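Shared between the two complexes below is subunit A, which pairs with subunit B and subunit C, respectively.
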Partner chain A sequence: MDQLNFTGKHKTVLIGFMILGLVCMGLTFAFDDELHTRFWSNYLHNSVFFTGIAFISVFVLAAFITALAGWHVIFKRVWEAYAQFLLVGLGLMLLVIIGIWGHFHHLYHWADKEAVAADPILSGKSSFLNPVWYTLGTILILGTWAFFAWKLRQLSLDEDKNGTADFDHHRRMRIWAAAFLPIAGFTSAAMVWQWVMSVDAHWYSTLFAWYTTASWFLSAVSLTILTLVFLKSQGYLEKVTFDHLHDLGKYMFAFSIFWTYLWFSQYMLIWYGNVGEETVYYRHRLDHYPVLFYGNLLLNFVAPFFILMRNDNKRKYGTLVFTSVIVFFGHWWDFFQMIKPGVRITAMEALAHHASGHGEHAEHATEAAHHAVDFAMGFSIPGLLEIGTMLGFLALFLYFVLNRMSKVPFTAKNDPYWEETTHHVVEIHDVEQVLGHH
Partner chain B sequence: MSAVVSPIRDPLIEGSKTYHQITEDICAPTERTPSVAWIIAFIIAASGLAFYVFCVGWTIWKGIGSWNLNRTIGWGWDITNFVWWVGIGHAGTLISAILLLFRQKWRTGVNRAAEAMTIFAVICAGQFPLIHMGRLWLGFFIFPYPNTRGPLWVNFNSPLLWDVFAISTYFTVSLLFWYTGLVPDFATVRDRAKGFRRKVYNFLSFGWTGSAKHWQRWESLSLVLAGLATPLVLSVHTIVSFDFATSVIPGWHTTIFPPYFVAGAIFSGFAMVQTLMVMTRKVFNLEQYITLEHIESMNKVILLTGTIVGVAYLTELFIAWYSGYIYEQFAFANRVLGPYWWSYVGMMSCNVLSPQIFWWKKFRRSIFITFFMSIFVNIGMWFERFVIIATTLARDYLPTSWSYYVPTWVEIGLFIGTLGLFFTCYLIFARVAPVVAIAEVKAILKAAGDQYIGPKARQKHAAEKTEVH
Partner chain C sequence: MRNANKEVLYGLYDDEEVLLKAVVKAQHEHRTIMDVFTPFPVHGLDPALGLSESRLHIAGFVYGAIGTLTALLFMTWVFTRDWPIIFGGKPYFSLPAFIPITFEVTVLFASIGMVVTFYTICGMAPGVTNPTLDDRITDDKFCIAFDVTNADADEKSDIQSFLSGSGASEVNTKNI
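Presenting the complex of A and B:
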């Protein structure tokens, strides 16, 4: 079984979840405030999250090719398929863009011309934070990523058919992969600033782009583990062993610590510096979103750190799946806490302005908006509608990805590392453990 | 260890070595009388060290007034040198610990010398925080212990104190890691030695016999130390970055500092490893162990980390503008266009632009280019610290206190002196200890020796096949 048979049953389940997602989004839209803040913020949150997973997939492929890694080749078709979702991601982000131009939503404070004109900070940033750049940046950058994703996959598939003994395809992949790395390094930061950081349009942090990218990375790794385990349970990828999963588990463990390191660096420096322009970001979250704030650390640090610390836990299906689910959900949660509070404040201010007209009253209304942040389902914590929406997006992602996967064989038979990856063994230094497993 | 090796991988040990030849080749430099080149190098390095001692004496005798620091620029060459040396001290543990965890086989050719370099670089770094206190005899004030000084107790809220802990921990673990690796190799040297030398190496190798139990414990200890060292690599330069980033000085207070300092440290560390390796492999005839493949891999790391640092520089510039905070904007405008513009140019061209030539394989494998680039990067990374420290301080909030700083001969002498200290240590190390990890190279011979993998091995294999038929 070298080719995925993407059958009716699986399609039906995924389509079912997509319908559930649509229903949830419809319900959110129907029972929303007049700016449809909850609906649009859910839409942005999931679009950014899943597009980021696709971006990380092509980034990791490029990084591994450049670093002469061989162990992952056995399942590289999974990442090649993930990466193709970038085109869908472009489509998803286009709707956000249309929303900006058509004033259908109030996701971004900087998109409100009146607010920018009245606000020196926002007008100072307006040569970067404006609809034109957002549109051009998103289309050009996502387009570039999608092109590299297509190119690397196309070369990889062509290698199957026309691969030669001198590994010419691989050499060409190396060139494309290496070229992508600096492009990805610079452009991902620009995208994160526009898509996510500019939700809190006044706030800034130099570390933010790397922090967000680390979050994407963990989402991609955890979803990869889940996909591999699913495919194995269906009888595919027999040669993917505990050794491959163990290495993915190590990545999940190490990068969870890395993510925490970045979280801590950003938080601690802002806390220590105690500059009001910066601390407002955390003050707001600590005061009004404590569940999001602390939940983030529990899900993304405490859980993976303690569960994955032991070697053998990275070699058990159950534990690995359990942790992957936590980490995947945890980073979805992380994006939720990055996006929701900022969008909500923007919307509250806009609503207050609508209600009180302009001038003096509006100022007070803005002040009031900052203080009156009550508990609201879908903002203070993700509600059932958010979970449903996420499942819908996940189903869309998986449907697209599995469909891509089903078109091609899993075996990259002419890849120069094929023999390495099919004989991959993780060195374990603990003698008892080795004895216990073999 | 996975025995299957991709045909695309190049060998890491050349010259169809046998296990015995490996022992012979690597032990040889410790067993012959020093060459003229070594003696000349040692004299130069030791003179530098002597000059260092003189400058330290001068500083202590005359006081910090013999430096050109002033009220505005309170940190100049001293802390620049400190951060520079600490950064260099990162590559060793990165190579030994992180590359061990990643199972990168190429680490075995260079890990020993890189770890030694780490230790010597940290020793050099550790000098500066002590000297720059001025009253060196009060240096013990930095240690938290019950005392009668009343309120003169260490400030646990200060990153400067965390630095003391971070660097001493890092030094200890790096030293243990390095020495653990040396134990079986010292035993190898001992087994070939006679007389008093044999006694010395027997002592150094803790009576290692090479029994299975010894190896098992040695493996466990190496892995534990690698696990401990990995977070330490990150923590040391992270905390060094906190020295600046916890302040509210525009240009210092920025959240990207921790990971960006770490990337820069690895960058400069690898550059120093290249400087040393290019010379060591030539002088000691170790080209078949520290191959072009190793040089190329390290050049790739230099390209990668140099570009990461470049992303960080541009991020800082961009966010300074984006922040809308005028002091932040000024700090960066001053960095690029202010009186110290030349150091910004030096930093950018040496750290970000020039490593880009390593996109070409030809340059990555050129010894000449590698050597010059490694010096370039060392210069660039020194400039980076100078830019961050002196340029930022020179133009503070109050224009009446703006200043310009030029070091005195004492400050320059201290820097050159630590180079003397560093090279003296390294030259002694290279004479008394195997500069390549013998046991570890032997462990990868069958997976990376050129008689087993690579084009030569394939030809041999094909020839044997035809003979049989």
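Presenting the complex of A and C:
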């Protein structure tokens, strides 16, 4: 079976989960504070998370094409399909933009004109952190990403039909891919600053973009492993072997360490420097969100590090799937941890401000808001509504991606690396396996 | 020398695939291969020779863990008991400041420990001279060697014909 048959049962299940997600979002909206902080932060969190997975897919494709890698070609249709989700991501982010212009939400402190005018730090940053840039940046950059995702896939699909022996398609793909890498490097940082880091508008970290992108990368790799195992269980991609999964497992292992390295570097430098306006980020999380903070490290470092350390564990479906689920959920948790505390402060300040009216009470209320961060479901830890919302977004992602996938064959038969990828061997356990190839 | 006066019959192959097939053939015919020499690691040679997975990495993990503990305990002892100094207003026991050094010592212990273990297993040390069968096995030849010290003429010619029959471009004998 070279083409995915995406019908019936799977569609029903995914639509079911999408409805569940919508119900959860509706419930969140209905039982929220008057600014609907929990609803909007959930929406931003999941939109950024799944858009990032799509971005990483096109980035990884471009990186692998540029590096003349061949091992992934056997499942490159999966990443090509993932990458097309960028267009949906653009739609999702547009709603956040509409919310900024229409003042439907208070996700970003810098979007509040009055607050910016009264605040020297925010007004200093306002040439970058403003609604116009947010809008333009998101539309232009997400649009660029989506264009490259479309272009690479379109060339790859055309290669199936009109591929020639001089690999003209692949040569063109290499140009597009190489052009995309620097663009992706700079623009992803800009997007991460605007979408995620600016929820803590006073705070900044130069490492943040790397750290967030590493988080996206791990989400994409773990979801890829899960998708491949699912497709194999349905009888597709039978040529994807343990060796391909082993390499994906290595990526998950290595990048988990890389993520931890960045996580720790950011933490240690701020801890060592001990500059109040930087440490506030961690002080706040350590004091009020210990479960989020330490859980993050447990899910994203301790678990994958010790489970995937042994070589054999990367070659077992069970362990690999188990770890992928942990890592996927772990990085979703990481984004939750990045977004929620900052959004919550902004919302509390805004609420206190509204309640006290203008004048001298305002400052007092703001002060009070900083201390009123008791345990709250959906902020201190993800609640059931957050899980439901995530499942809804995941179902939307998978529905779109599987639908894209079902339109084209899995086999990229004219790809110059097709032979290489079907004979990809990481570790030989049976010598007949290698002799059989020749 | 340790293995002095050993008579070795060996075949030289030009290609690693031919070598790999010859090794598999020898295993099927239940011949006892003394050793195989290649200029670079050949994929699939270990399982073909029936070698089990190396346990060197387990030793590496143990050395690394010892390194982690050594660094953490030593720094903790120095900075809390033996010579407490305040750096930058931080507490005596400052775990984040210890982590980079802990990491380095872990790597150091693991790497040095594994190198020493590997050299010990292989019988390598400064001053040891290891006899080579043929200089070209470090360049472009692949070699299968049989120990024929106690073999009679029939057995030797049988091995000889196996080597040339399985694609060896040269068959030689050498006393090492």
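As a working rule, the second predicted complex is superposed on the first by the 426 of 438 C-alpha atoms of A that agree within 3 Å, B and C clash if a C-alpha of one lies under 4 Å from a C-alpha of the other, contacts with A are read in each partner's own complex, and residues count from 1 in each chain.
In the analysis below, contacts are C-beta pairs under 8 Å (C-beta built on N, C-alpha and C of every residue); 3 or more make two chains touch, one makes a residue touch a chain.
Quick caveat: nothing in here was measured; it's all calculated off a predicted structure.
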item	value
Partner touching more residues of subunit A, whether subunit B or subunit C	B
Partner chain(s) touched by A:C24 [first = subunit B, second = subunit C, both, neither]	neither
Touching partner for A:V48 - first (subunit B), second (subunit C), both, neither	neither
First, second, both or neither for A:T206, with subunit B first and subunit C second	first
Which superposed partner A:V425 touches (first subunit B, second subunit C, both, neither)	both
Contacts of A:Y272 with subunit B and subunit C, given as first, second, both or neither	both
Touching partner for A:F128 - first (subunit B), second (subunit C), both, neither	first
Footprint overlap on subunit A, where subunit B in one structure and subunit C in the other make contact	268, 272, 274, 425, 429, 431
Touch list for subunit A against partner subunit B, complex	66, 68, 70, 120-121, 124-125, 128, 167, 170, 178, 181-182, 185-186, 189, 193, 202, 204-210, 257, 261-262, 265-266, 268-270, 272-275, 277, 416-417, 419-420, 422-425, 427, 429, 431
Partner subunit C, residues of subunit A touching it in the complex	264, 267-268, 271-272, 274, 309, 311, 425, 428-435, 438
Subunit A-touching residues of subunit C, taken from the complex the two chains share	17, 20-21, 24, 43-44, 46-48, 57, 61, 88-89, 96-97, 99-100
Residues of subunit B defined as touching subunit A within the complex	1-9, 103, 216, 219-220, 223, 231, 234, 238, 242, 245-248, 253-259, 300, 304, 307-308, 311-312, 314-316, 319, 322-325, 359
